[in-house]
Amino acid sequence: MNRSDSRQPDAHWRVRLHEIIFEADTPAGRAFDIVLIGSILLSVLVVMLESVASIRASYGQVLIRIEWFFTLLFTIEYILRLISVRRPLRYMLSFFGFVDILALLPTYLSLILPGSQYLFTIRILRLLRVFRVLKLSEYLSEAFVLTSALKASQRKISVFILTILSLVVVIGSIMYMVEGEENGFDSIPTSIYWAIVTLTTVGYGDLSPQTPWGKALASLVMVMGYGIIAVPTGIVTVEISQAALKARQATTQSCPVCGSEGHDSDAVFCKYCGNHL
Amino acid sequence: MNRSDSRQPDAHWRVRLHEIIFEADTPAGRAFDIVLIGSILLSVLVVMLESVASIRASYGQVLIRIEWFFTLLFTIEYILRLISVRRPLRYMLSFFGFVDILALLPTYLSLILPGSQYLFTIRILRLLRVFRVLKLSEYLSEAFVLTSALKASQRKISVFILTILSLVVVIGSIMYMVEGEENGFDSIPTSIYWAIVTLTTVGYGDLSPQTPWGKALASLVMVMGYGIIAVPTGIVTVEISQAALKARQATTQSCPVCGSEGHDSDAVFCKYCGNHL
Amino acid sequence: MNRSDSRQPDAHWRVRLHEIIFEADTPAGRAFDIVLIGSILLSVLVVMLESVASIRASYGQVLIRIEWFFTLLFTIEYILRLISVRRPLRYMLSFFGFVDILALLPTYLSLILPGSQYLFTIRILRLLRVFRVLKLSEYLSEAFVLTSALKASQRKISVFILTILSLVVVIGSIMYMVEGEENGFDSIPTSIYWAIVTLTTVGYGDLSPQTPWGKALASLVMVMGYGIIAVPTGIVTVEISQAALKARQATTQSCPVCGSEGHDSDAVFCKYCGNHL
Amino acid sequence: MNRSDSRQPDAHWRVRLHEIIFEADTPAGRAFDIVLIGSILLSVLVVMLESVASIRASYGQVLIRIEWFFTLLFTIEYILRLISVRRPLRYMLSFFGFVDILALLPTYLSLILPGSQYLFTIRILRLLRVFRVLKLSEYLSEAFVLTSALKASQRKISVFILTILSLVVVIGSIMYMVEGEENGFDSIPTSIYWAIVTLTTVGYGDLSPQTPWGKALASLVMVMGYGIIAVPTGIVTVEISQAALKARQATTQSCPVCGSEGHDSDAVFCKYCGNHL
């Protein structure tokens, strides 16, 4: 960016375009982002309305036209984004580039496969850009604490989920044998679905044990689920606590000699080079 | 208040009125508050009873009269409050001033719009004054720890809720396409409602997946919800922990001799040098 | 107890009886307690079986006789307890004395009021003595950590519950007006019941919103409940954490001069009298 | 193992077999484990498919043959395991030896007791070996933190569960008397099942209170359950936090010069005196 002056004039409008589309520092960039957010929300609302049978009957044609209008708008925006970035391919493969394509495809797909336009709502994910637009850098740092906490607990959670999945298969099979097809537990996959509904304490009630032994087993599963639900909460709480602690400690000075950071607040000497802080 | 002696005599009863209505230090003020709490509870009970069809059929007229009695009582009390405060407008715009008006309006509104008297129950919020009345200053400080913890976690929670809302829109749309209108998922908003019912583990069961793919997707959503429910708990726990820590630290004194800190609140001597604190 | 030698001989068997009934140090006391626990479990099981219609039809008379047998047994035991303690009245008014009476009354009451014998199951609470019998003093200390944590968080939790109750009344009233009697929300108390079922994420589904506005409001309540459920968990977690910390710290020495306890593990001087530990 | 060279030649292939079957260091051992995991997953899938009525009707014979193929395969594998270990009996009585047998029995049992082959899915537990195979030693250490946290909180949790069970019996009995058989609460065991469904916030809705008093009591139980669910979460969180702390402290070294502790694991110099660690 800072080398952009030395480039040919036609690159200049690309830099300007990049500023408008990707940044929110200039008034134009800010205006662009706010219009974009409004368009996303409106277009998602339109798809939602179109899915309601009574509204579709009366305004179906109008809503479809509005959908197409927004899709064309977002297509143009996407092309502009590709033009303005230095490495279009790299952008296409990034998280937001991927979301952008996913947000466009459904409408085009609906020409071949009617009904797929409802996946259009995936463009709501583009709203995650909102943090940047509103200059909510503090919010971003909060989001960072959350994601780093989740990342740190990823391993513990995958151990946990693997165990739960094995458990759910075993519980489902036993329940299938205890209750049987006459009580709605008509296959092991269905029983596993029931086990998940029960262990997560969702409890729809579309399937529930009818026999005394089934109820006894279900009671056991529920009490177990009671204890199990405590585990991910405990993991995430401890990780958030440590991430918050690290964030607080990391605000202290950097070493004047080696420039390293992350010293504890009570440190007197740099822990990497041994010089006085 | 302490300059009230130097003011004209007619202001004197206003000060006295203020003492009775707004404070609970004098016997009169305390009695007023207890009568008020009783009246609020009774009037809410009357509205509740009136909403039960069988009771309304037998005692409807009596209950409506009692409602009006309480509404007039609270109207007089509200006027007295406005008279006794120095800045009536400021009071009207405060939280409790707003609740006071909201607690009066429904009955008057029911003259024009029958049925709106049930909003009357909003006056239950006036009970939050109860903390002050019962001299539960410690309770207030506990409430303060809670609200400050919630305020501190506000940002993390709003990042979290925005993410959840986006997720719920996407899940709802996919489920609408997978299950379709014949299984009760008759529009995207309905499907989003289902997604919220499922992710929060409420699980009414008025809508539940019927197709194998729907059940598989729902299982995924439930396991996800399992992990997700841990996040706000983690956030709030860490904030409460830090608020509690801060509250404890604020009561601590340092030793006047050796300057050490971290003494318990009931310590008389420094635990490091043995000198009097 | 240690003065029991100087008393008249007839008191001696009372001391012995006390040892057997109230303590579990001697073989006789231990045997008594184990027989007692077995009797309690058996008698609760008998009442449970008697409540099942098909079993009652076949074995009703036998089960009722067994119930009476156990009730007479527990009555004799209760009288022996009263005889063996120094202050019978004080025992009668203690927690376990109260539970003992509650465990006896239902059967006698069933002579006058048929059906009340099912309250008999309250004698399961007598099982809480099991901790003492099995010499599980560590379990008792764990129970102590739990109860002291709950006691410490009592205030925060009552502030919390009062707020929730007010909220539930307001939500219930609004829902009653939005959904109305034709959708099952037939009175404000019923709507409040729905609000509690929803906020606590139980979600029976016997009542669920039918109108779009009702569903929207319910979604809001559920997301709110999602955040709210984090609060008591946060409170209790912090209290348990502090109770555990205190329990660990409190294992250090008592002051040799003033005998006070509860010094931190790094304390050098008594924080109460200032003498060297 | 390191003395295996000095043993007779026929023991050599046993050592080799042990390496392949029990270890994952050699290419052959790794390949064996991957094939094993694939076989387990496939065989569980086959049993699941066989339980679906429509699939069983068309492919029942084929699926049963595949089941028998896998069962024979696992039987051979089990025998090889027994041959290759030094102490076959000890292996048979270990956790994984027990799971291995449990995973074989159902198919053989189905010859006598049709339908029992569905217990076959218990072999999914064999997947827990996956951690070792994929060399996920860090995952194992995470699993260790989790299990040690659960073990440490075992006592608190058993005190908790015993209390809950007593509570559930009492609540169930009262509810049985309040609601009665005409509202579905047809016996005390059924009512206890309802109490567990409610307290754990599962809430199927197959049983729900119909009378006003029943609803009031249920509301109380739900609010109670709200507070109670916080307890195991709190216990587990604190234990995980302490286990994590211990894990971190165990990696810490003290400064050889000033003796201070609490250095980060990546520290090279003492942060208090500046000397090399």
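Annotations for the structure displayed:
Note that the chains take the letters A, B, C and D in the order they are written out, and that residue 1 is the start of every chain.
Definition applied: contacts are C-beta pairs under 8 Å (C-beta built on N, C-alpha and C of every residue); 3 or more make two chains touch, one makes a residue touch a chain.
Fair warning: this is a prediction, and the values are worked out from it, not measured in the lab.
The equivalent interface to A-D, defined as the listed pair sharing over half of its contact pairs by residue number with it, is A-B out of A-C, A-B or B-D.
Both copies, subunit B and subunit C, contribute mostly unmatched positions to the interface they share, with under half of the numbers common to the two. Averaging C-alpha coordinates per chain places the centre of subunit C 30 Å away from that of subunit D.
In terms of their C-alpha centroids, the spacing between subunit B and subunit C amounts to 29 Å.
Taking each chain's centre as the average of its CA atoms, subunit A and subunit C sit 43 Å apart.
Rounded to a whole number, the gap between the C-alpha centres of subunit B and subunit D is 41 angstrom. In subunit C, the positions touching at least two other chains are 189, 192, 201-205, 229, 233, 235, 237, 241.
Of all residues in subunit A, those touching subunit C in their complex are 201-205, 233, 237. Within the complex formed with subunit B, the residues of subunit C that make contact are 155-156, 158-160, 162-163, 166, 169-170, 172-174, 176-177, 181, 186-189, 192, 198, 201-205, 208, 212, 215-216, 218-219, 222-223, 225-227, 229-231, 233-235, 237-238, 241-242, 262-264, 266-276. On subunit B, the positions that touch subunit C within their shared complex are 44, 47-48, 51-53, 115-116, 118-122, 124-125, 127-128, 130-131, 138-139, 142-143, 145-146, 149-150, 157, 161, 164, 189-190, 192-193, 196-197, 200-206, 229, 232-233, 235-237, 239-241, 244, 263-264, 266-276.
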